[in-house]
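Below is a structure I'd like to ask you about.
Chain naming follows the written order as A, B, C and D, and within any one chain the residues start at number 1.
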Amino acid sequence: MSPSSNYTYLGPEGTFTEAALRTLPEAAARVLVPMISVPAALDAVRRGEAAAAMVPLENSVEGAVLVTLDELATGEPLTIVREVFLPIAFALLVRPGTGLTDIKTVTAHPHAQPQVRRWLAQHLPDASWESSASNADGARQVQEGRFDAAFAGEFAAARYGLEPLVTDIHDAESAVTRFVLVARPARVAPPTGADRTSLVFQLPDDHPGALLQLLQEFAVRGVNLTRIESRPTGAGLGRYFFSIDCEGHIAEARVGEALKGLSRICPDVRFLGSYPRADGVPSSPRPGTADEDFTRASDWLARCLDGRL
Amino acid sequence: MSPSSNYTYLGPEGTFTEAALRTLPEAAARVLVPMISVPAALDAVRRGEAAAAMVPLENSVEGAVLVTLDELATGEPLTIVREVFLPIAFALLVRPGTGLTDIKTVTAHPHAQPQVRRWLAQHLPDASWESSASNADGARQVQEGRFDAAFAGEFAAARYGLEPLVTDIHDAESAVTRFVLVARPARVAPPTGADRTSLVFQLPDDHPGALLQLLQEFAVRGVNLTRIESRPTGAGLGRYFFSIDCEGHIAEARVGEALKGLSRICPDVRFLGSYPRADGVPSSPRPGTADEDFTRASDWLARCLDGRL
Amino acid sequence: MSPSSNYTYLGPEGTFTEAALRTLPEAAARVLVPMISVPAALDAVRRGEAAAAMVPLENSVEGAVLVTLDELATGEPLTIVREVFLPIAFALLVRPGTGLTDIKTVTAHPHAQPQVRRWLAQHLPDASWESSASNADGARQVQEGRFDAAFAGEFAAARYGLEPLVTDIHDAESAVTRFVLVARPARVAPPTGADRTSLVFQLPDDHPGALLQLLQEFAVRGVNLTRIESRPTGAGLGRYFFSIDCEGHIAEARVGEALKGLSRICPDVRFLGSYPRADGVPSSPRPGTADEDFTRASDWLARCLDGRL
Amino acid sequence: MSPSSNYTYLGPEGTFTEAALRTLPEAAARVLVPMISVPAALDAVRRGEAAAAMVPLENSVEGAVLVTLDELATGEPLTIVREVFLPIAFALLVRPGTGLTDIKTVTAHPHAQPQVRRWLAQHLPDASWESSASNADGARQVQEGRFDAAFAGEFAAARYGLEPLVTDIHDAESAVTRFVLVARPARVAPPTGADRTSLVFQLPDDHPGALLQLLQEFAVRGVNLTRIESRPTGAGLGRYFFSIDCEGHIAEARVGEALKGLSRICPDVRFLGSYPRADGVPSSPRPGTADEDFTRASDWLARCLDGRL
C-alpha cells in the first residue's frame, strides 16, 4: 500500500490518540504513523502523504484542543469524516517488580495532572511530579529508569515493557476526550440518521451581538448546537471566529438551509464535515423540519407560483 | 367580448371602488359590472362569470375591510393581481342651482361621516345627516330630491346629474383606501422589483405566542411586513388566523423561503398573490438576502456536498 | 343611590350585553342604564355619570368589536375591571300563539345572521329576513306586529311579552362573546392568580417589523398573549396601533417588567387594566418567571453591588 | 504597609504582566510581588495576603488565558476592578556588546514564538530556538550566558543587565494582551460611563440551544457582548459554562436587568465585576435603554397600578 493511504495521528506511539484511532475498523488495514504534533499530522494529509489524520478536538475537562481548532480553521481545507469518544482513564505504569512503596518520582503530560491529582494525593502523597512531553514519552522515560512510574493509557504498557500497577485512575467520573479523523475534502458520505456537522465562521461585523442573529439561523430550522467555541481572529480583541458543531447532516434539508443562511450573512464560512455521531444519538427533527416537510413546502411554493392553489 | 372577461366591482356605479378600478389601464377595454356586495363581486370571479373583481381591502382611517379579508381567507382560492391606492376626498354634490345656504339635509355612507365631520361642523352646522347605503346611492337620492346634498366622489356627479359644490373635503390629511383587483389563481406574473405579497395563515396551536416564531421566519430572511391583521377562526376566543402583507415577490428567494418556512409550521397557509406595489417603493433587500446571495449560498452548499472546498 | 353609581351598557334592554352584565353579582345592587351606543355607554363613565359600563369587546365568530377597541384606545383613559364570556345562543321569539308554520318574516341584528343562517335554511327556508337595529329592537317590532318572529336572547322574551318558540339556536358550536366592564382608572385590584391584562400600544416607527421586538419583551419574560389586534392609527396605510391581552396581572413581576419594557420602546402605551379571567384559567409562570424568582434576582443583584458574593 | 496591601502578579519580574501592572497609578504605592502562576497570584488575594492580583485574561492572537478563566469561574469569588490593554511588542535583549551576527541561540516563552517567527526568519534565519519558562526567565538565562539573545519586553532589559538590540518586534500589527486586576468582592465602584461587566454562567440545561435564550436577555435590553468564551463544566462533552463580557456597568439599569434575567434562568451566575474600560469607549445605550428610560418606565408602572393614568 502506498504511503498516501497511511493514517497519521498525534504521537508518539501509545498515546490516547493512537488508542482512539485503533477503535476504528477502517484503521485496521492502514499503516498508522505517529506525528510529532497536530499540525504535522494534518499537514501530512494536506500534502497527500497520508489519507487521514487522527487528532484530539476537545476534552470534557480541559475543553477544546486549541491547536486543532485553529489548524482546521485556517490553511488548506480539511474535513472531519469520523469522530471517536474515548473515556479518559489512566494506568500507573511501572517497571516489572516495582511496588507502590518504591515510587518516589512520577511523570506524565501536564494535561494528565488534573485527572490524577486526587489519586496521587491519596496514594502517593510524597512522590515528586515532573512533566513529560507526552504520556507515552513519560512511559519511555520510566523504561529508561529516569522515573519510577508514569501515568498513561493502559495500552501503552506493553509497548514500553512496563506493567500497569494500578488501572482506571481518573478524578472526574465522566472524563472523555473527543477525537476526529480528518481527511481532504471529498463528496460527503450520506446521512446515517445520527450525524453531526462541524463549521467555522466569522461574525459579519465586529460586535458579538451579531452572534444572536446567526444562532437564529439554526433556531428557526430547529437545529441544535452541541458545541460552540470562540477563538480570536488575530485582528484585535473582541474579534472572533466561532467553531461549532450542530446536530444533523449537511444533506438534511434543515441543516443545509441553516448553513446556507449562515453563508449568506458571514463573510467566510468553512464547512468542516458531516459525519456519524460517536454516541449514536439519532436526530429527532422538530415538527415541520424533517426532509419531507421541506419537500412538501417546495412543492407548495411551486404550486403557488403556477397558480395551482 | 364574453361576459367572462368582464370586471366586477363593489357597486353601485359611482363608488370609490369604481374610481379605483378605472385608474387601471387594463380596465379600459373591459365591461365593468357593479355588484351589490364584496362577496357577490368575488363570487362572480369564482364562478368564471368575470375575469377579475375590484374590492376595497383596507382604509388608513377605518382599518381593514373585514368582509374582504374574510372572503379571501375562505372558499375557493382567489389571488390579488393588482392594488390601487385612492386618496379619499369627498365632493359635496348638489342639484344644479343649489347653494350652500340652501342645504338642510345631507347624506352619505356611514363610513364617510368621520371624514367629513369637521367640515360639516364648520360649514353646515345646522344640516341634518341621514345615512345612505352607499355614497353613490346618496347621490341618487339627491337626484331624486330626497336630500339636498350628498358626500361622494367628485366623479359621481356626472352620473347622477349633480354638481360638485365643494371638492376635496377630508378630515384626515392622508386618508387613503387600498383596493385590490382579484382573479382566479394563475401563473404569477414575474417580479417588477417593487412588489408586495399577501398571505393568510393560521397559528400552529392555540396560543398566540406562536406568532413570534412565525414573524421570525420573515425576520431571519430580512422580509418586512407591511400589514398584519388578526381575525377569529370561529373556533373560539383566542383562536386567530392572520392576514398579512410583506414586501417583495414570491419569486424572490427571500420571500419564497420565508413562505416555505411558514408553510412548514402552519397547518394552513393561503397564498393571496404577489403583485406590483401601488406606491412603487422598490424592494431593498438587506445585505445577504438578495437573489444572488441565495444563489451563491446554494452553489456553496453544492460545493460542500461535493467536497469542492 | 346617586346616578353616578349606575352601570351603563350597550342597549337597548334585552341585549346580550345586558344579559352579560346581569351575570355579575356587583350589578345586582346597581341601576342598569341602557345606552344607544358603545361610545355613549363609555362617555357616561368618563363624565362621572355612571360608575362603569358594560360593552362587547370581541366575538369568537365576528372578531373584535372595533368601536370598542377604538374608543378604549383614545380619549380620556378608562380601564377594564371585569370580563364576562357569554355563549351566543338565540331563541326564536314570537307572539304567544304563533307556530312555526305561521312565520313568514323574521328579524334580528345583522350580526345574528351568520349564527342562525343554517337553522333558518333548515326550518324556515321560505321566511324573509329583514335586519333590525339590535336584537332587542327586533323583539320589540315583533311585539308591535311588524314581524312574525325575532332572533334574540331568550331573556328578552319576557320584556317584550313574547314567547321563545325555539331555543339554543346557533351555528358555530362554541360561539361566545366577550364583554368587559369598564370604569375610570383607580388603584388596580390585587391579582387573583388567574388574571388577564389589556394594553394598547403603537409601534415605535413605521415598519411593522418592530412588532417582533415588542413581542420579544413578552417572550423573554414568559408572558403569553391571548389576543392581538391591529388597528390603523389614521396616519396612513401601514401605520398601526396594537390592542392586546396577555396572561397575568400588572402587579405580577413578569407582567410588570414586560409592560415596562414596552413602555421604554413605544412612544405611547395605554394600560387598559388587569382583571380576573372569566375562564378562571390560572397563570402558570414558566420556570424562572414567578414573583419569587424576580425577588431572588433582585436580592442577588443587590448582593453583587454590595460585594456580598 | 502590611503585606495584605501588596499587589501580586504573574511573575517573574520583567514580564508583560508586571509592565501592565505598572501602568496603573494605584500600583505606584504598592509592593508588587511576582508569583509563580496565575492560581498562586489569585490565591494570595483569596487568603488576604495581597490586596489584588494582576493576571492576563486574553490575547488578541492566542485567545483566552484558560487558566485565568477557569480560576475566576470557580473557588472563592473574586472580582475584576481594573483592566489594562498592553500592545505586544518584543525587544531582542542581549548582553552589552553582542551584535546581530554574534547570535546563534535565542530563547523566549513559547507564546512569544508566533509573534516573532517572521522577524526571526528574516533576520536570524540560522539561530536555534529553545523555549524558556517565561520571557523574563529567558532574559535571565541570557544574563547567565546560556543563550545569546532573548525576546522579552524592552522593560526587562535593565533588570537583567541586558541591552535591547532591536525593539518593537511583532508579527501581528495589532497584537494586544488584556490584563485584569482582581480583588476580593467589595462594594462596586460607581459607573464611569465607559465600563465593562464580566460574568460567568452555566446554561440551564444540557443543550446549547439555551444559549440563544440567554443572549436574548442581553439583546432585549440593548446590551452588547464584547467577549464570549465557552469552557467545559467537566460534567461531560457538550456541557459548558460561558465566560462573557458586556458593555456597561451593573449599576446601570439595562445591565442590571439583563443580569437579573440571566440569574432567573441559569442555575448559577457568577458576577466577575464592573470596571472602567481600558479603551475608554463610552456606553451609548440604544434608545429606550438609558437609566432615565428605566426610571420613567418604573414611574409609569407605578401610576398604572395606582390608577393615575
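Rule of thumb we're sticking to: a contact is a pair of C-beta atoms (placed from the backbone, for glycine too) under 8 Å apart; a residue touches a chain by one contact, two chains touch by 3 or more.
Chain identities (UniProt): A, B, C, D = Prephenate dehydratase.
A quick note: this is a predicted structure, and the numbers were derived from the prediction, not measured.
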Minimum number of chain-to-chain contact steps, chain B to chain D: 2
Chain A-chain C separation of Cα centroids, rounded to whole Å: 59
Distance from chain C to chain B - Cα centre to Cα centre, in angstrom: 28
Chain centre separation in whole Å, for chain D relative to chain C (CA means): 58
Chain A: positions in contact with at least two other chains: 216
Chains that touch, pairwise: A-B, A-D, B-C, C-D
Complex interface listing, chain A residues touching chain D: 58-63, 66, 85, 172, 174-176, 178, 207-209, 211-212, 215-216, 218-219, 224-232, 234-240
Touching residues (chain side chain B, partner chain A) in the complex: 77, 79, 184-188, 204, 213, 216-217, 219-220, 250-251, 256-257, 259-261, 263-265, 269-271, 288-289, 293-294, 296-298, 300-301, 304-309
